[in-house]
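Below is one structure, written out as structure tokens; the observations come after it.
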Amino acid sequence: MLMLAGALSVIGCGQKAEQPAAKGEKAAGEVEQTEEAIESARDYISIVGSSTVYPFATVVAEQFGKTTDFKTPKIESTGSGGGFKLFAAGVGVEHPDITNASRRIKKSECEMSAENGVTEVVELKIGYDGIVMANSKKAEPFKLTRKEIYLALAKEVPDPSGEEGKLVPNPYKTWKEVNPELPETKIEVLGPPPTSGTRDAFVELAMEAGAKEFAWLKALRKEDKKKFKGIAHTVREDGAYVEAGENDNLIVQKLDANPDALGIFGFSFLDQNTDKMQGAFVDGVQPAFSAIADGSYPLSRPLFFYVKKAHVGTIPGMAEYLEEFTSEKAWGDEGYLTEKGLIPMPEEEREKYASIAKNLTPIVCDEL
Amino acid sequence: MAEAPLNSPQKPDAFVMTPERLRRQRIAKFLGEGFLLVVASFVAIVVLFIFYFVAVDAIPFFQQRGFGEFFTSTGWYPADEPGEFGALAIMYGSGMVTIGSALIAVPLGIAAAICLSDVLPFAVRQYAKPVIEMLAAIPSVAYGFFALVIFAPLLQNYGGPLLMWTWWLIAGPFVFLAVIVVSDLVTSGSQSTDTRKTIRWTVTVVFGVIALFFLYYVGRTLNEIQILSGTNALNVSLILSFMALPTIVSVSEDSLQAVGRELREGSYALGATRAETIVKTVLPAASSGILAAVILGIMRAIGETMVVWMASGNSSHIPEPWFNYLDSIRTLTATIAGDMGEADQVTGSARYHVLFAMGLLLLIISFVSNLVSERIVVRQRKVLAGE
Amino acid sequence: MNNSSTMNGSRKAGRTIDIVNRGLKSRYRKEKRFRLYGILSIVASAAFLAFLLTSIVMNGYSAFLQTYIKLDVPIEAGMIDESNPKRSNFQGIIKSAIREYYPDVTERREKRELYSLFSSGAAYQLRNNVLDNPPEAGTTLSLWVLADDDVDMLMKGHMKRDVPESERRLNDRQLRWIEKLENDGRIEKRFNTTFFTSGDSREPELAGIWGAVRGSFYTMLVTLALSFPIGIAAAVYLEEFAPKNLATDFIEVNINNLAAVPSIVFGLLGLAVFLNFFGMPRSTPLVGGIVLMLMTLPTIIIASRAALKAVPPSIREAALGVGSSKLQVVSSHVLPLALPGMLTGTIIGMAQALGETAPLLMIGMVAFIVDVPGGFTDPAAVMPVQIYLWADSPERAFVEKTSAAIMVLLGFLIAMNALAVVMRKKFERRW
């Protein structure tokens, strides 16, 4: 016990946890103080955040570690939300340097960071990720519109009789009932659980857009946004939508065994499995590299990572890591990230973010 | 020799207990025993310490959200604003897989323990015991990998036929045994030996045919079942049962051994067969120890994280219908492991604290079960010693 | 049987023996069935164990071989930057070597498909080779470089060649190129040293468990250093010195409770106390070791107590008889005799800790860590966590790596358990 207590106190003294500073005035002074503390301890970059960006960040990290003398960054997959919370906690060795995100930082998160002393945050977009609805190649490819996706998967849909303002529990059991031109197979979709960022993105991009096609719902959105989101984002629980867990390999196997079912996952995963899976057409566009890159495929979202400017220069290698990530050989049209399924940004966007990375231009919270 | 008294200064190198030495020894004893006491207490205090820290982080949740929703609602949407924290479905999931694994592990385990302690010859026992011990040595992540990568696809692709064959292999012998027993009972009335034999044979055959049809029909129905998701409660229950098995077997075996030879030999002396001795004498005597073993095995199943995280499907809902083991569920342990990443780890919020609330629940259940099983074992020892 | 000489006695005897004999057959049948059930349950457990181990081995043994391709790499003047050889464009050199071997591949799309047959690690293999023995300009190096994981899957038979092109990850053109290599004898499977010498990687063919093994090693060291002394001290106190009062009962009950705590709760503790409260570094063997120490303590204490109990009282009494103090009795006489049993218990406790995953998940060890850890405060993965991470990866080639890693982990566990058993047999003294 003495040994334990001794060990703990020695370590505890070295790196005391930052008490969340609610006062902004203190923050500046604390930043200077902790910058000195950073010098001493960590010599590797610490990255947290989205599980969608994780496969790409890890590839860059590995390349970075191999081609330079710096240590390979340590990357944790905590989810976008969790990553932001860890990132925003403060400046110092015990806090992460970079957080990956499959969505933009919220204004509230930006402000909270500033309150804790993280005043200069650099936002870098790395590319796009598509969300696809795929089925086995053994069956015919699906052609859906976002409105149909909403009608097939929402818990409550507008009354089919057309009466405005009325919602009924989802009555559609087969795809044909939603649109006579679709096959007469049971609606069976395997998708991510509510804790997944992919689910959030799918619900926002596909279902919300589909719901907006109903005029009265669109009007409702302007009046009562919360109620609209409740209608548009809630997925049916009667068995037509099956939460297929986080393991994509299993989803592929399920879809292979059951050709009538559809699965929802990221484009990079479809890309890895084109021998077994095919993506459904959404609003007439098939998910493919070019379609997602130029924006014609509607279900795509940008991927970001955020950097603490205060840590650049104190944690070794950060500037070089940014350089590696923003280089053409990584995120360019022929880069190694594209081979992993990342959809690259158009050239002008790449140039824009490359210069932001070089100059470490921070974002302004109010502009979010 | 012993002429000179011990205290004589003629033997200068003799060990003489002087007051100085005595005092030093006393100090050493005080320090030494004190140090050991402190260490031992530390270990004990760690437990209270764990309880305290988990409770301290769990209570804010109940202060913020109250008790009702957590225990009665099935809506688990922690990411919403404001979030919903109904853990009923998750608790149901934990309960489901625990009961499922107990249903498999308890009969299997007790039978194996009996076999090891009373039935098998010593030489065979040397080989059989390591098999059970190996099951205990395999790390949980290996079980989880097996459940996810090998067993889940098996269930998905061959679910129906697998269920059918398992039904035939397990229910078959039991059904035939029942047939024999029933025909025995039915024909025990008659007097004459020969007619009784023929009657018994015909009755057996008739019942046997009925049983065959029953088995076949149920089997074929099972064959048609399509298992949609290989990661489900059945998968987890099966794997957990093999993880709990070694605990049940070893504690039950200890308990059976503790019964002692007198009881057994007395039973044999009265003319009982080995089976009768075991069933009618030894088992009842060891029953409390076996109960303790079962409780310990169940505790193992409740507290398991990796297997359920990888292979239960992690879907927070109560299956339709309530006994549908082929549906995905979510357990308390997997929720803690999985949700911690998304939860607000630093500044504290309901999402973070609810996970500690679940941890507290698990802790309380474990402590209570442990206490109960301890009591039972102590009582059994007292009873046996008293007899 | 029909002895009517003695009146009631023999008739009663006749009836009892008759009753007994009548029931005997069915009772023997029941006995046989009973035995059968017992044996069936052991057989079922053995069958399950066999199924589990066989499937893991079947999936994993192919990971011990890795596909290599023999490439002739001409080093021309100017390719190696004399001033800073490390920064030369090795990727480019490899690509030109590939192009030389396949001169008729010119279209850009086809060239990309060609390059993808070779692992991205090939350039680093060349670099290491060049840095170790700098070649002269104009020589041609003949290197065996790693093939890409898709090629590896094909060569091991996991990818079928005879299915239609759209159902394969390698198209017909790529298959033809691979056939050319096969005909020239330039592609073969060799022992996979990379698996044992490198850390984690995103590319399956470059991934290895060495990083995880060292992480496990450091973590185990911390656990051992902390739990062995504390466990022994506590056991000694409880067995030798503790008076029979309420305080001792309290301590004993709580040690048992410690064993009952679910593993994930230890993770919560590690997170709340060590990471958040004390601010210790995440993902390090130090924190992992402390958390695991708490889990191993009960095992060590219980085993040590049993070892101490096994030392007969005569030893203690003899030592007291020659005038030792209580402390001397324990430290000089009882403890050394009980030590083998204590060590056995410790080894078993360590084996249990080696396989633990759940608590480590919560303290941040679920991270992509490529560098092999060098100390206790370097971020590290441990073997079971590495297995868990690989089980989640989309590349199919990781399935065999995961199985192989499980085999390695099981190997360690079996070795430790066997060591414990051997020690027990060797040092067990019959009093």
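In order of appearance the chains are A, B and C, and numbering begins at 1 in each one.
Here is the rule we go by: contacts are C-beta pairs under 8 Å (C-beta built on N, C-alpha and C of every residue); 3 or more make two chains touch, one makes a residue touch a chain.
Since we're looking at a predicted model, the values are computed, not measured.
Participant: Counting only C-alpha atoms to place each centre, which chain is farthest from chain B?
Facilitator: A
Participant: Would you mind telling me which chain pair, A-C or B-C, is linked by more contacting C-beta pairs?
Facilitator: It is B-C, judged by the count of C-beta pairs in contact.
Participant: Could you state the distance in Å from the CA-based centre of chain A to that of chain B?
Facilitator: Spacing between the chain centres: roughly 40 Å.
Participant: Just the number, please: Cα centre separation of chain A and chain C in whole Å.
Facilitator: The answer is 33 Å.
Participant: Would you kindly tell me how far, in whole Å, the mean C-alpha position of chain C lies from that of chain B?
Facilitator: Going by mean C-alpha positions, chain B sits 24 Å from chain C.
Participant: Residues of chain C that touch two or more other chains: which are they?
Facilitator: 230, 276
Participant: Quick one: which residues in chain B touch 2 or more of the other chains?
Facilitator: Residue numbers touching two or more other chains: 39, 42, 148, 310, 340, 345-346.
Participant: If you look at chain A, which of its residues touch at least two other chains?
Facilitator: Each of 1, 4, 77, 246-247 in chain A touches at least two other chains.
Participant: Provide the residue numbers of chain B that touch chain C in the complex, in ascending order.
Facilitator: For chain B paired with chain C, touching residues are 15, 17, 25, 28-29, 32-33, 35-37, 39-48, 50, 53-54, 57, 107-109, 111-112, 114-116, 119-120, 128, 131-135, 137-146, 148-150, 177, 184, 242, 245, 271, 273-276, 278-279, 299, 302-306, 310, 333, 336-337, 340, 345-346, 355-356, 359, 362-363, 366-367, 369-371, 374.
Participant: Which stretch or stretches of chain C touch chain B in the complex?
Facilitator: Residue list for chain C touching chain B: 20, 26-28, 30-31, 33-35, 37-42, 44-46, 48-49, 52, 55-56, 59, 230-231, 233-234, 236-238, 241-242, 250-251, 253-269, 271-273, 276, 294, 297, 301, 323, 325-327, 351, 354-358, 361-362, 384-385, 387-388, 391, 399, 402-403, 406, 409-410, 413-414, 417.
Participant: For a test of understanding, state which residues of chain A touch chain C in their complex under the given definition.
Facilitator: 1, 3-4, 8, 11-12, 15-17, 41-42, 44, 46, 54-55, 58-59, 61-62, 65-66, 71-72, 74-77, 94, 137, 246-249, 269, 272-276, 334, 336, 339-340
Participant: In the complex, go through chain C and note every residue touching chain A.
Facilitator: 112, 116, 120, 124, 166-169, 201-202, 226, 229-230, 276-283, 286, 290, 364, 366-371, 379, 392, 394-396
Participant: Please give the residue numbers of chain B that touch chain A in the complex, ascending.
Facilitator: Within the complex, chain B contacts chain A at residues 38-39, 42, 76-79, 148, 152-153, 156-157, 226, 228-231, 310, 313-317, 320, 328, 338-347.
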